[in-house]
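In what follows, structures are represented as structure tokens.
Each of the next two complexes has subunit A plus one more chain, namely subunit B in the first and subunit C in the second.
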Partner chain A sequence: MEIDVGKDFYHRLANRDSHQGDGKFTAIDFRNRFLKSLDNENAWLTDTEPIVLDFANVKKIGPSFANEAFAYFTKYASPEKLSKKIVFKNATRVQRMIIQEELETGHKRV
Partner chain B sequence: MKKLSEKQKKHFFPLERKKRWKQLCAARIKKHKERLQKQLTVKDRVINADYYKTLEQRKQLREFLYKKTKYEEPPLTVGISDEFGIENENGIIYFLDKAASFIDFKSSELIFDLKNCTRVWPSAIILLCSLKQWVELTSNPGKTPKLASSNSDSSKVNSYLAHCGFYDYVGRPKDTIDSSYSDKEVVKIQRETKTKNIEQREEDIIKLLEEYSDLCKEDLELFNCVILTEIFNNVTEHGISHIDRGWWLLAQRHEQHKIISLCIADNGIGIRHSLMTGPQRDEIGKKVQNTTLNDGEFIKLALEENVSGSIYASIKTEGIIRKKYESGARRGNGLKRIEKACKNLKIPLSIISHYGYVFLDEYGKMINYGARKTRVFSGTMYHLVIKCK
Partner chain C sequence: MFNKIPKSVAIPSLIVFLITAYLLFNPFIFRDINTIIYPRHINDLQTARNYYQILSSVLTILFSIVGLILGYFYYINKIETDANNAKRERIRKRLDSLIAELNEYDDLVNTISCLNVKDKGELKFIRNKINRSSEQISSQLEQGDTLFGLSKDEIKTIIRIHSFVEQNPFLMEVDYDELIKSDQSLIWIIKNDYTERMQEARRICYCKLE
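For the complex of A and B:
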């Protein structure tokens, strides 16, 4: 499955939830809309086709958004395993860095 | 069963109705709470048992902070000389001293004597605008104290105050228009009450930085994604409440000093209150004592550690040896991310929140932090200095 994040969702990925920014296009909305199938332990036990997120039309992604949308799943799997299930296509170096940092921080339990 | 007499019926029926009414109310409240919990679980992923306690605490705090004040003391005149603002490193102490002398004023009239003022920096304009709004917020209707300012001997100061949007903000007529100031070099201050304007303001700031800053394309992206986003998230999540929906920003290019000064502020409950009324208050309280004189320590803590004042912040759960956080999404890294990005981009960062302040230089080194006995800002201000091309 491939999702054009900028077109199918929004080009500004900044708000974690409805309390941040204008409260629209939040990470929670995104997760519930596109990554719902991964929100259970069984989804991480089997090898399935990855979900490809195309960032070509995304103008910005903030750490809070990346944390809530993607690092949320580190409760099921390590960042390495997560990167096999969710593939970030056409993301810039800065966008990749922000996502990676949030995945690593989210995985830590301290 | 014994039949009730008419007299008994008159006596017991109201009591019965009252009892039934109470039961009905209790059932409705229970149903409402269940529905709210269900909604939040789906939408915002709640979390901890004392959610309602946190909400109640924060509500009480807001009522206390924004309580109506009687501005009845004799008029106060505050003289401002030379440069006023934190953009100039030598002016930090002067700025804090001055701010502490009038932020918590109780006079019926507050006059700023700008006669000997040679420059008003954006940080000072933000301070005055937030004070203006604070006074309107905390005064009784019809009893708002008068705020006024005299003209400066320097025509540059007067024309800049007109140019940057300050006079429009406070409702003062503009005497002079100096054509040497360009609208391209400023994102003017205005009364911001709608969060939907954030995206437009972000674009305005980025346009200004693209034109004048020394940040390359990738640096600018990092600035936009991390610094701007997280500051606006903090302002909207912790700063804007149903009582006060105000926030401000002012960005200005200073050709002579080769800098762009960017200030974003709110009149919210402040960083210490935010941390100490959130679900992590017990953990945080073990590290820093909850007093106004520790306001600087709280800002420092938020810059250095993973702590959150969000009502949805996670709390540690029992582990085998010690308590730990669950893996997964976790709040409380916003200020840390801002600080790290500023360090990477060599941008000095200052945060002033109620009584406390922290000033970081371009290498992320803390050059000054602490707290004053009286407030130095009515909410929280984030200030950044970006070098020009």
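For the complex of A and C:
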């Protein structure tokens, strides 16, 4: 499955939840919409096709968005395993670093 | 200037110099010691004049060639030095710009952490500016990571500042009333943590300035 994040969701990935910024296009919305299938332990036990997130049209990704959308899954798997299940295509070097940093530090809210 | 002359040029140049010195002083050396190694006998002024005239012509050609070779390497070296200076200047300008943006970011965060905010509207405005400033820093790092000469870990150190700020509810989430009533000791801890991160990022940038 491949998702053009910029077109299918939004080009500015900044808000963690409805309390942050303008409260729109939040990481929780994104997770529920595109990564719902990964939100259970069984999904991480089997080898399935990775979800490819195309960042070509994404202008910005904030640390809190990355944390809530992706680092949330570190409760199921290590960052390395997570990177195999969720592939970040066409992300810039800094965008990758922001995501990687959040994956390494883990989910910060329960 | 000539620090990059290759050995293949330096050694022949030294040999030419030694031969020249030998040929110049040849008539005066070894005359009475060993006539075998003294190749020609100069017994009168005419012979000496002819000898030095020939020597002068040969050396002129020889030095011209050596001069051309050295000139070529000087030219190549100069181009390289100019390119390095231009690159250093570009790095300095970009780092200046990055440091200015970090300072701007720092001022904005300090405005909130020092509770120097008048009302809800201003708080929202400052938070918005913090986000814009972080985007500016990210795009600068994006465009110039190789030119800055920053390592992956150094870029991460700069990125971590906004990660810390953005995910800190006190700095970026709570409303104005809650912010004003916040526990001062908590603010102090956050400020210290933030300041350390910012200082580290600045130190990285200043180190790259040389």
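One rule holds for everything that comes next: the second predicted complex is superposed on the first by the 106 of 110 C-alpha atoms of A that agree within 3 Å, B and C clash if a C-alpha of one lies under 4 Å from a C-alpha of the other, contacts with A are read in each partner's own complex, and residues count from 1 in each chain.
Just so it is clear, a residue touches a chain if its C-beta (ideal position, glycine included) is under 8 Å from a C-beta of that chain, and two chains touch if they have at least 3 such contacts.
Given the structure is predicted, the values throughout are model-derived calculations rather than measurements.
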Pick one for A:Q20: touches subunit B only (first), subunit C only (second), both, or neither. both
Between subunit B (first) and subunit C (second), which, if any, makes contact with A:K75: first, second, both or neither? first
Identify the partner contact of A:K108: answer first if only subunit B is touched, second if only subunit C is, both if each is, neither if none is. both
Tell me the contact category for A:I28 with respect to subunit B and subunit C: first, second, both or neither. first
If we overlay the two complexes on their shared chain A, which of subunit B and subunit C does A:R93 touch? Say first, second, both or neither. both
More subunit A residues in contact [subunit B versus subunit C]: B
Taking the superposition as given, does A:P63 touch the first partner, subunit B, the second, subunit C, both, or neither? both
Residues of subunit A that sit at the subunit B interface in one complex and at the subunit C interface in the other, please. 14, 16, 19-21, 60, 62-64, 67, 92-94, 98, 105, 108
Give every residue of subunit C touching subunit A within the complex, in rising order. 131, 134-135, 138, 141-142, 145, 152, 155-156, 159-160, 162-163, 166-167, 172-173
Quick check on the complex: what are the subunit A residues that touch subunit B? 12, 14-23, 28, 32, 60-65, 67-68, 71-75, 92-95, 98, 105-110
Which residues, counting only subunit A, touch subunit C once they are in their complex? 14, 16, 19-21, 60, 62-64, 67, 92-94, 97-98, 101-102, 105, 108
Inside the complex, what are the residues of subunit B that reach subunit A? 42-45, 195-196, 198-199, 218, 221-222, 224-226, 229-230, 232-233, 236-237, 306, 310, 312, 319, 324-331, 333-334, 337
